[in-house]
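Before I ask anything, here is the structure I am working with.
Read from first to last, the chains carry the letters A, B, C and D; within each, the first residue is number 1.
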Amino acid sequence: MRYEAPNSIDKAVELLAAEKGQAFVLAGGTDLLVRMKSGFVEPDLVVDVKRIEPLRKITAEKGGFRIGAAVPAAELGENSALKKLWPGVVEAANLIGSTQIQGRATMVGNMCNASPAADSVPALVAAGAVATIVGPKGRRDIPVEEVGTAPGKTSLAKGEIVESLYLPARPARAGDAYLRFIPRTEMDIAVVGAGVSLTLGADGTCTAARVSLGAVAARVLLVKEAGDAIIGSKLDEGALDKLAAAASAACKPIDDKRGTKDFRIQVAGVLARRAAVIAHGRATGK
Amino acid sequence: MPLDIKPVAPGHSFTVVGTRPLRPDGLDKVTGRAKFGADATAPGMLIGKVLRSPHAHARIRSIDASKALALPGVKAVVTRDDFKEGDPDFRDVLRNIMARDKALYEGHAVAAVAAVSAIVARKALKLIKVDYQVLPHVTDVEQAMRADAPVLHDDMFTAGLEEAPDNAASAAKAEEFGHVEDAKEKESDPHHGASLTGGFRPQSKKPSNVAKRHEFGHGDVEKGFAKADIVIERKFRTEATHQGYIEPHACLANYGSDGQGELWGCTQGHYMVRNVSAQLLGMDVSKLRVTASEIGGGFGGKTTVFLEPVALALSRKAGKPVKMVMNRDEVFRASGPTSSATIWVKIGCTKAGRITAAETELKLQGGAFAGSPVDMAAMAAFACYDLENVKAVGWDVVVNRPKQAAYRAPGAPISAFGVESVIDELAHKIGMDPLDFRLKNAAKEGTKSSYGPTYGPIGLIPTLEAVKKHPHYKAPLKAGQGRGLATGFWFNFGGQTCVSLNINIDGTVALALGTPDIGGSRASMCQMAAEELGIPYDKVRAVVADTSSLGFNDVTEGSRATFSSGLATIQAARDAIGKLCGRAAQMWGISADAVVWKKGHAKPSGSNAGNFEPLSLADIAKVAANTGGPIAGHYEVNAEGAGVSFSTHIADVEVDRETGRTLITRYTVIQDAGKAIHPSYVEGQYQGGAAQGIGWALNEEYIYGEDGKLQNPGFLDYRIPVASDLPMIDTVILEIPNPGHPYGLRGVGETSIVPPLAAIANAVSAAAGVRMLELPMSPPKILKAIGGQAAGKGKSKEKGGSKR
Amino acid sequence: MTSVRVSTTINGDAVEYLCDAEETLLDVLRDRLGLTGSKEGCGTGDCGACSVTLDGRLVCSCLVLGAEADGRKVATIEGIANGDKLHPLQQKFLEHAALQCGICTPGFLVASKALLEKNPNPTETEIRYWLAGNLCRCTGYDKIVRAVTSAAAEMRESR
Amino acid sequence: MVDVVLWGSLKSVAGGKAKIEVEAANIRQLLTRLGEAHPALKPHLERGVSVSIDGRIYRDAWFQPIPPGSEVYILPRLAGG
């Protein structure tokens, strides 16, 4: 195995494109190294992107934020401006693993590992985040929900790297939130994850809402019906019940060592509803 | 207690015992200098790795390691052929460290390699070709008992079956377990005369996965149930759990061409490792020296051997030292988790709350070899109760899983989960406080125990009364919260123990112990030595001596270390004091029996002794060379009379009815320690045992797929409690002296894991109104039970109604 | 197998080593540099016994490549005491019997030190959630939380 | 004379009798004479059993005296964790 630590994104793309064998990008490494040790993957080349300065930056841009691919989750939690604008995304990233994992794991790595149970991805999808991808054919932007395609699979072509994530600006009276279910209080992989991002009109009526669910299908879901259930409402009990029902209906979960189908379907509705209430609270400034 | 051991007078005030000094071995552990099993290296050392069976059950037709041996850097390969059959008592451990005719569980060792590096060793494993004939497997205890189950051992016949299989119930039972037996045929069949487990009594004719049937109890349970106003009968299930020690198994072996061997590594019993390894390698015991490194947790899981004989065999073949360290995946697949079980419990009581009959049937699988702790589970089941009619039957079953090893009070948490849950239900059914219900039926001195002997002085009632007085028991609860209570017991043991106590030139003491110190017992040994000698605590240094420096010591298990090594330390100190007084008498020219030892000094006593200045330990030590030579005290014993330890736990939980998650909001452990030598480490045993019990109750389990493979061999999905899962764990130490020890101390290491399983099940029942019959009480199970309850309009239909 | 040449700083001392590209920082510390204070409990970032800090950030050294330490500052358990003077956390862990077997203690000390440098007055809950990545099987965490709280108080007074 | 009670599984090995009278002053005599009276018990006794005398359990103590009239139980060999 070869280890390379280029200091520019173009050099990184060049290395990845030229490699005939199996090549992987190393940002936090908290998924990649676990797979390497279990023999799940045997890389011929690992490209460490943490020496590429722009990828380590969080920069304000057009009212939103651009987060470099190599920024560890812990740094997101320490950026008060980002936390103020997108509290849901930051709390999702800060739920990944332990404090030690937080010091390394990145949202882009979490996204590219493409586990349906990834913690940060439902919040990013709800937020309408966009991934900037650099490859041999240049730069392109795609919404986060189009990156992961199946467990462990992404839509990236050979030689392509995710350079950064862009979280858009927010209108007034907007809020987001992320909740997950784990049997312990820390350290577990999400059995169910729910991200909600919504905007309220001047009279408190919900004018826009996106609901995204993790660990309930082969990839993270953007559940349009769940969002629509609260648009036009003031998030009264009825609207929230409809949101919960829509969330549960969208689930296509499996039974595995972490949870059963019925459990995931039922709890998806519970978490989506609770997350919506928190997002609403944040949108109204309570 | 042997007659030569004098207990201290009741009400004796201790000076060093009972205080909380810093442990003598603490500095290295907080600076990272302490050397654990994987921290040793040796010049020219090779790395050993094990090839493990990917199949749960397979015949091994052949093993071809030629390609592996041809790989540059590979120095040796061992297989079954490198271990010869020997003493039949070692038949199972021989098969467990290295598979012979069959691989009996996924992860079972099939071959091992020694190479210049871990990377080369891993590559070599892939080059070993094993010709497996895959066989059908079974991992569930009840399925393994069926007549049509795949049989693991062709030579295993069920022992201890009931006398006459002709009565219907027993014949049905025999039928159920594949023992097709015709009563007439029993007498004439010579085969019955001899069998592996001996005796002419009836046993199964066909090989079976049921190794043995155990039974305890007295009185007539059927008569008792007839007298009961209320009878509750439930069937519980528990999954296998692992001790969860954070340090994987590790050792460094060196087998010289002169036939001398060295072993260095983490174990709860290095003398056991020496004897077993010497036997498996055909060595004289004296040729093998084993040194116990610091041990990163054991809880019973390091009371046997896994890597040590294999590392020695590799080292013998390669002519170089070999280091072997398990990774976490191997620890889960191939060390010694405890049993999974079904527990059928039936208890009847009067409206006034007096138990009239109690019966249980336990089925525990002990993995691929016989010897699950079902006998101790059956004995411990009703140990806390004063019963007129009691019966406990236990079935020891083998399945295609790793061979179980002890896990802290082995078997007792499993039976207590069933018994203490049904006791709780009975109390609520007759509207009686569960604490009063237990007080009304509690075992006390003179009670005939459910496993036979009559109790001497025991501390159960004091723990129950302490609960009654404890603020936790009456504290208010918030909505969605519930409180549960459960009692627990463990036997505790003495065992073979040697201590030598040497007086140094400056009057300080070198204490050599043979019981590996896992949780801080070196501190309590120094306290007992200092107490007896009348010198300051920090004048004693305790070390764990290797097998060539001290006589044989049993494994540190059965909560025995502080009891047995403590007793031996006290006696060794008294032995030394005798000699010190002798030297003082010589120096004063008076007779030895006119000298007494008080507060660290020899003093003349008695009318004609004369008034000499008292001589301190240091005074006598300084001139020891001139008065006869070095002074030392020794004591070797097979300690008995360890004395039982009872405990009662109170658990408060909060259940989220929408997700089924359970949070522990408050927890209190009240346990009898006899005499707390170092109270901080006694509290540590109470808190650690409770935390393991909480994990067992809520989240820990071995999950097997249909393919017989373990699905969660890692700390990600084998979920032990993390810091944020638990509240502070409050403790109350009761001191009801144990007459079997000079200071009255009892073993405390194991009882604390017994009550939590039921305490939390009772709390969840109080909080969410659902009686959980299966462990772990994971959120999906609780949510389903709550859903079932809502659907059944409040009358939850437990499926536990069936008899077995 | 290409080797990587690394020059880094460990506990304030300049250190150079050669390591395989796929070798972890934990294996380098333990097998090449003899710093066996960091322990391997799982190798997958789930137990925290291998905790070190990398440029001040608390991480699991089993999930960091040895090659990544080039030009960075590593701090391990061996560097916590100041010569023969123990850090208050080390002293309080001993006084509160916050360790029994001690295999997890190095990880807990490195993690608790990182916590107190960030938050000198943490609540019980903050301590428990920060340390949730450090597994302990012997103590049930009670005395560990008390030791960290006590050390934090002492360190605040002496500031 | 001592009345010895066998635990369940051993009872079935000794022809179903729960209580057996044995002339024994200590544990060694007890075990030897039990083995003579019921050969089927021998392998079990050899592999090791525990003996309880008036409530106190002894694992291997040949010369532990058995006072006349004391309550004696034979139990499985106990091991802890």
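Structure notes:
Quick note on the criterion: a contact is a pair of C-beta atoms (placed from the backbone, for glycine too) under 8 Å apart; a residue touches a chain by one contact, two chains touch by 3 or more.
Note that the structure is predicted; figures quoted are calculated from it, not measured.
Nearest to the overall CA centre, using the mean of each chain's CA atoms, is chain B. The chain pair B-D and the chain pair A-B differ in C-beta contact count, and the higher one is B-D. Per-chain Cα centroids separate subunit B from subunit D by 24 Å.
In this assembly, the C-alpha centroid of subunit A lies 45 Å from the C-alpha centroid of subunit B. Chain geometry summary: the mean Cα position of subunit B and that of subunit C are 31 Å apart.
Centres computed as Cα averages put subunit A at a distance of 68 Å from subunit D. Residue positions 243, 299, 716, 721-722, 724-725 of subunit B are each in touch with at least two other chains. Residues of subunit D in contact with at least two other chains: none.
Among all residues of subunit C, those that touch two or more other chains are 1, 20, 43-44, 46, 129, 131-134.
Chain-to-chain contact here is organised irregularly, matching neither a line nor a ring nor a star, and falling short of all pairs touching. All chain pairs that touch, listed by label, are A-B, A-C, B-C, B-D. Of all residues in subunit C, only 1-2, 4, 20-22, 24, 43-46, 48, 51, 54, 57-60, 62-65, 67-68, 70, 111, 114-115, 129-134 touch subunit A in the complex they form. Residues 38, 181, 183-189, 191, 257-260, 262-263, 266-267, 270 of subunit A touch subunit B in their complex.
Of all residues in subunit A, only 1-3, 5, 26, 29-30, 33-34, 36-38, 43, 46, 48, 50, 72, 74, 97-101, 103-104, 185-187 touch subunit C in the complex they form. Here subunit B touches subunit D in the complex through residues 89, 159-163, 197-201, 212-217, 243, 299-300, 303, 375-376, 379, 393, 405-410, 449, 451-456, 490-495, 557-560, 638, 640-641, 740, 750, going by the rule given at the top. Subunit B contributes residues 20, 22-23, 26-27, 29-36, 38-39, 119, 243-248, 294-299, 325, 327-328, 518-520, 678, 680-681, 683-684, 687-688, 690-692, 714-716, 720-726, 728-729 to its touches with subunit C in the complex.
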